[in-house]
Amino acid sequence: MPKLKPLSAELVEDLLLGNKILFKYGIVDAFGHISVRHDSDPERYVMSRHLAPGLVTEKDLLTYDLDSVPVAATKHRLYSERYIHGEIYKQRPDVMSVVHCHAPALIPFGITQAELQPVYHVSAFLGLGVPKFEIRETAGMTDMLIRTAALGQALAEKLGERPMVLMRGHGATMVGKTIRLAVYRAMYAVQNAHIQLEALRLGEVTYLAPEEAAKQDAYTDEVVHRPWNLWQREVEE
Amino acid sequence: MPKLKPLSAELVEDLLLGNKILFKYGIVDAFGHISVRHDSDPERYVMSRHLAPGLVTEKDLLTYDLDSVPVAATKHRLYSERYIHGEIYKQRPDVMSVVHCHAPALIPFGITQAELQPVYHVSAFLGLGVPKFEIRETAGMTDMLIRTAALGQALAEKLGERPMVLMRGHGATMVGKTIRLAVYRAMYAVQNAHIQLEALRLGEVTYLAPEEAAKQDAYTDEVVHRPWNLWQREVEE
Amino acid sequence: MPKLKPLSAELVEDLLLGNKILFKYGIVDAFGHISVRHDSDPERYVMSRHLAPGLVTEKDLLTYDLDSVPVAATKHRLYSERYIHGEIYKQRPDVMSVVHCHAPALIPFGITQAELQPVYHVSAFLGLGVPKFEIRETAGMTDMLIRTAALGQALAEKLGERPMVLMRGHGATMVGKTIRLAVYRAMYAVQNAHIQLEALRLGEVTYLAPEEAAKQDAYTDEVVHRPWNLWQREVEE
Amino acid sequence: MPKLKPLSAELVEDLLLGNKILFKYGIVDAFGHISVRHDSDPERYVMSRHLAPGLVTEKDLLTYDLDSVPVAATKHRLYSERYIHGEIYKQRPDVMSVVHCHAPALIPFGITQAELQPVYHVSAFLGLGVPKFEIRETAGMTDMLIRTAALGQALAEKLGERPMVLMRGHGATMVGKTIRLAVYRAMYAVQNAHIQLEALRLGEVTYLAPEEAAKQDAYTDEVVHRPWNLWQREVEE
């Protein structure tokens, strides 16, 4: 088997920045993780060893196959929930990056009947649908974690073609066709959740219509660099 | 045509400070913008190129005519919503500065029937009225953005003679006869929104009466330097 | 008339620290003020000229008589609401320090029927009673500010023997027998307001009983140095 | 009597870090304290003298017997509520560390009928039960503080075998078999309280089932180092 090329420098930089950004803005705390599909082999992805995102550096990055087995033997401990990443990459060839988090603002929408819906244009992607994963349906009483390929597969199926999935009593997982888009979605899903919680106090809410959401979502690619450049400056200071 | 004088140093300083202040206090994030009418030509205004406000420096400032066309040819990308600024300057000769933002605390008041009203004297200007702009009334299903002069004109008409306008599913736009006043209004509209959301939990609310609001608003010019000096110190540290 | 001794170095230090602490913790923003009764003449008090508390330095301190007239001629602009301080010092010989603020968390309790009550022991002083001042009762439609001795007197009467008074559509005023106690009361009144707003969501609330509040309040003198020393360290860093 | 060995360097470091972490993240402010059982004598515990946790250094640590009497004579003032610690160590041989705090987010759950319950897996320990201590049942009208061994004993009895106890109108006390676990529980009890308050707005809430909570709680030992390492980095910066 020919040796796998290393992840490109651009993706290494974005992956490290993604870890820092998600931590700085409270999307992840000590828990949660972000990965990127390998740009030289779509059957591989890169993610940190078992470590708080705020502490991740380049030497902590490991390459996994889509069964979430490290490609090179390692003595490091691994994230127990790495199957979230591998199984989504298997089912979603369009996805190049996955974020998993326990952001506090999202938890209420996972444990109640309330639907996370787009309150403004910057989180228009929510209008594409936000399914909820109930681990009890797949595995009954568990410790709540996605510790197996089977659970990862069930989660990926619940996600379907959507940009994110809420996980009851646990957190959420967002995807994107770039690291920047996956991070963007995590950031603005959380912002949307804060706003929606407040708006719901005030009576009936007008969300973006599906057509408004779709039109705006198509525009995100053109502007995602604008917050990314700001966030980069903020975490590098 | 005689060459346009550059914007005065005082206005350049205030415009750059305004960008920094709005960012530091979370009125804008990567999105949103602030402009000033040119002090040598009321048919011109000055605003950054397409850039997060927190990153704007003097070299990023461009001069536009009131149709929101840059006066000098530029290869830089422009804010797609610059028409907000140009069309308001056309319709409101008293307005010297415009702020557009997506401040989270304001969104709930734009997407529900609740009215933003002054809970205390520092946001008395809200007593002058806060109309709501529904883009569907003008243009049906859109991507929510003010991408054309026609949409900017519709927004300016909804604003009328008032100090600010809420935009459903999008954000808000504030105006002032100085940069400092426009920034002041953005800052305290947001603070008022936070307080009002809490007060509404507690039962019936006594807002400033229109007469109280008008008397206090007339006094703002005498005190706006006090927060401005503080904010300047805070962003320069 | 013999020349008035300067304010003691201890009180100057505490007054400057009080300004900084109130600003750092968001009790005041650009507005609000803190004063101390002069320790060489109970008919005088010391407070900054018209300035944001976060910017006050020793050279900004002025001495006023209890009619709120500066003892020495000054060209500096004065706080328009200095009558709050002078009139309370007249009516309350036990009071050595006064804080006036527009803290956001307190506003909802001033503009609704809800009563600010002690949710825990550290804000036990609230159990001594928190009256509400409605300026309309004294002066009808105003700009909301305490711009005259008559308004200051009316506010002081509403305060009575209590530790603080809420002002409808405006803010709150706290008093203490030391600067440290007045600051303590401002800090924990705000903290209490935050907690009470949350608790009220959860159903019926058990507040400290009056007897519990009185017993705990008597103990505050013995512990006020503990937060003060911490706050001092925090603002001096 | 042979001289007691000093507390091990590892526990001194963790105890000082615990003080700093609890302060940095707002679990304690000027009030509250953390202790550790002595690793050379289970009949002793170590805790700071009367001092804000954010100011505690190694020289402030004192050793107490389980009656909460300092082992060596000291002129320093002591925490008046040290009996919380001594009496819990007496009744719970499995407990190696105790945190006492007045964290704002927890107070509402102590003064209403609402039950603090686990909204997600990281606070699964709450599923083991969170009793509420009403000091009136033991001592009638008091100043709310645990100033005696009898009150400490009553609190320890209410705690029973659970990981934490809420104290009406006062705060909460958490325990753990390590300093790191006691701090972890304080941190995530507070995070859970914030989330639960929001979730309760949205309708019926699905909490972790007791079986889910028990399974996840058993896993905490394996991961507590991950947030601890992050928090250590954050307070050391």
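By letter and in written order, the chains are A, B, C and D; residue numbering begins at 1 in each of them.
Everything below uses one rule, namely that a contact is a pair of C-beta atoms (placed from the backbone, for glycine too) under 8 Å apart; a residue touches a chain by one contact, two chains touch by 3 or more.
Quantities reported herein were computed from a predicted structural model and do not represent experimental measurements.
S.K.: Shared interface numbers for subunit A and subunit B above half of all numbers used, same, or below, different?
M.R.: different
S.K.: Report back the single chain whose CA centre is most distant from the CA centre of subunit D.
M.R.: B
S.K.: What rotation angle takes the CA atoms of subunit C onto those of subunit D? Round to the nearest 5 degrees.
M.R.: Nearest-5 rotation angle for the superposition: 90 degrees.
S.K.: For subunit A and subunit B, what's the span in angstrom between their mean Cα positions?
M.R.: Computed from C-alpha means, the inter-chain centre distance equals 33 Å.
S.K.: Quick one: report the Å distance separating subunit A from subunit C, using the average Cα coordinate of each chain.
M.R.: 47
S.K.: What positions in subunit A touch 2 or more of the other chains?
M.R.: 201
S.K.: Pick one for the touching-chains graph, please: line, ring, star, complete, other.
M.R.: Ring.
S.K.: Which pairs of chains touch each other?
M.R.: A-B, A-D, B-C, C-D
S.K.: Given the complex with subunit D, which residues does subunit A contribute to the contact?
M.R.: Going by the criterion above, the answer is residues 29-31, 50-52, 54-55, 102, 104-105, 107-109, 111-114, 141-145, 168-171, 197, 200-201.
S.K.: List the residues on subunit A that touch subunit B in their complex, please.
M.R.: These residues of subunit A touch subunit B: 118-122, 124, 191, 194-195, 198-199, 201-209, 211-212, 215-216, 218-219, 223, 226-227, 229-231, 233-234.
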